[in-house]
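Labels A, B, C, D, E, F and G are assigned to the chains in the order they are written; within every chain, residues are numbered from 1.
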Amino acid sequence: MKLKPLADRVVLKMVEAEETTKGGIILTGAAKEKPEVAEVIEVGPGGVVDGKEVVMTVKAGDKVITSKYSGTQVKIDGVEYTIVRQGDILAIVE
Amino acid sequence: MKLKPLADRVVLKMVEAEETTKGGIILTGAAKEKPEVAEVIEVGPGGVVDGKEVVMTVKAGDKVITSKYSGTQVKIDGVEYTIVRQGDILAIVE
Amino acid sequence: MKLKPLADRVVLKMVEAEETTKGGIILTGAAKEKPEVAEVIEVGPGGVVDGKEVVMTVKAGDKVITSKYSGTQVKIDGVEYTIVRQGDILAIVE
Amino acid sequence: MKLKPLADRVVLKMVEAEETTKGGIILTGAAKEKPEVAEVIEVGPGGVVDGKEVVMTVKAGDKVITSKYSGTQVKIDGVEYTIVRQGDILAIVE
Amino acid sequence: MKLKPLADRVVLKMVEAEETTKGGIILTGAAKEKPEVAEVIEVGPGGVVDGKEVVMTVKAGDKVITSKYSGTQVKIDGVEYTIVRQGDILAIVE
Amino acid sequence: MKLKPLADRVVLKMVEAEETTKGGIILTGAAKEKPEVAEVIEVGPGGVVDGKEVVMTVKAGDKVITSKYSGTQVKIDGVEYTIVRQGDILAIVE
Amino acid sequence: MKLKPLADRVVLKMVEAEETTKGGIILTGAAKEKPEVAEVIEVGPGGVVDGKEVVMTVKAGDKVITSKYSGTQVKIDGVEYTIVRQGDILAIVE
């Protein structure tokens, strides 16, 4: 199954960063603080949203930071996604 | 009886997914978590809503995901429907 | 007395549905769950409401479903009516 | 003293309906439920209110129904009036 | 000192009505209920306020009624004034 | 250090009025009620704010009255300032 | 990693002011009150935000003051940043 977001919505997936501690142990997501960076998976078409023209400026593959608590979590085929409005994306991480 | 939604409203019906567990038992809706996917049953005509032109982009038969808690539940002829604004639909599931 | 709604308002009257149970007993409104369907009694003229042009699309006699809790109840000559804005009507039941 | 309402405001006076009970006793306002109908006493000039053109459609002498709790009560020369915006008037009773 | 209100603001002073009771005693403000009528002392220039053109329609000397609790109390040279937006003035008392 | 306010913002400094009591003692700010008058120190450039053109009408040196609790307090070089939007200034004291 | 803010957003970093007390001891951030001044690190492109044209007027290197509690804290490579909308920046400190 694939999610096609509507209007100015964007489908995100939290980045499960692997990190090597100083002692060489690899920590996965659960053992660390909640990761703050998400990857853009799908981008809506934009267009007129609430009577205002919205141009989409993020694209699939971008790493982004969103306002905390924004968006709706959904689970598709066992994978958890977050759907946000583009306006809830604060910055792209490069 | 048939529901004809007004303006930018959409009539949805929750999808009663049948799923086969590893052991082969078929689970229907009641034995599982609340399904997250709904099917579009009827689509309003769109037009000017709160002074803003709304074009309808979903169509009957689409499988969609909505914001949790959005919409109004109604029961017609023993079947439960949810009526939402198109703007509460987050994504189409393909 | 007759109610002439202003602007985009609509006067509704709850439908006291009669229903025959499997055993043949007729249930009237009081013995059942609150009915969800109302009949349109009078329709306001529409026009510019809060600076936005509203065209009335419902008409007297339509059976409709409204958002729960919307509108104001009034009792005229012993009959209870609900006055709502057209935008609070979700769908027409056909 | 006379109240001249500004902008889209309307001065109302609750209708102290006299009613004859079956036994012939006349009940005035205090002995009954709060009356739901008010009479229009004065109507503001309308015009641009909050940047939107408002045309006044009620006139002195109209019997009207308002949203419960809307408006401001004022007492002038011992008489109690309610000042509401025209948009808070739901319907004219004919 | 003199207050020059900005934009759509109006400086009011509560009217300390003197009233003669039936027995001939003169009651000043403190011995009575809070007076409901205020006098317009200064009127702002109007103009574009929050992007909307506001024309001032009250003038110094007008006796007016305002929404309860609206405005800001200020004390200048021992005299208490209330500064409100013109839109908070409900009616002129003539 | 100097504060240059952005957009429609204005930097104010509370006026530390000196007052001679009847007995000749001079009271400074701390021994009195919170002063209600502030002096304009810096004025932002105005321009388009939230999509609306704002023209600045106050100027440095003006004594003004603001809505209570509006604005943000900041301390620069040991001096306390309040930064408000021009729309929070109620009146100029002359 | 580098943060590229979207739309009218600005990436800030609190200024860790070093201060020499009278006795010559240098105090860093943790030993003092929360600093009130932040440095602009990255500035979004501006453009149409919520249907309104926003021109960016701050630039990297500016020292600014923001409304308390505005913005979202993020930690990138161990450094804490705050992402705000330009409209939450009150003044530039020169």
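Structural remarks
Throughout what follows, a residue touches a chain if its C-beta (ideal position, glycine included) is under 8 Å from a C-beta of that chain, and two chains touch if they have at least 3 such contacts.
The structure presented is a predicted model; accordingly, all values stated were derived computationally and were not measured.
Contact with both chain B and chain F is made by no chain of the assembly.
With centres set at the average Cα position, the gap from chain C to chain E is 43 Å. With centres set at the average Cα position, the gap from chain B to chain C is 24 Å. In whole angstrom, the spacing between the mean C-alpha positions of chain A and chain D is 54. The multi-chain contact residues of chain G, meaning those touching 2 or more other chains, are 51. Traced around the ring of touching chains, beginning at chain F and stepping first to chain G, the chains run F, G, A, B, C, D, E.
Those residues of chain E lying in contact with chain D across their complex are 36, 50-53, 55, 57-58, 65, 67-68, 86-87, 89-94.
Chain contact summary for the complex, chain B toward chain C: residues 1-7, 9, 11, 42, 44, 48-51, 72, 74-76, 83.
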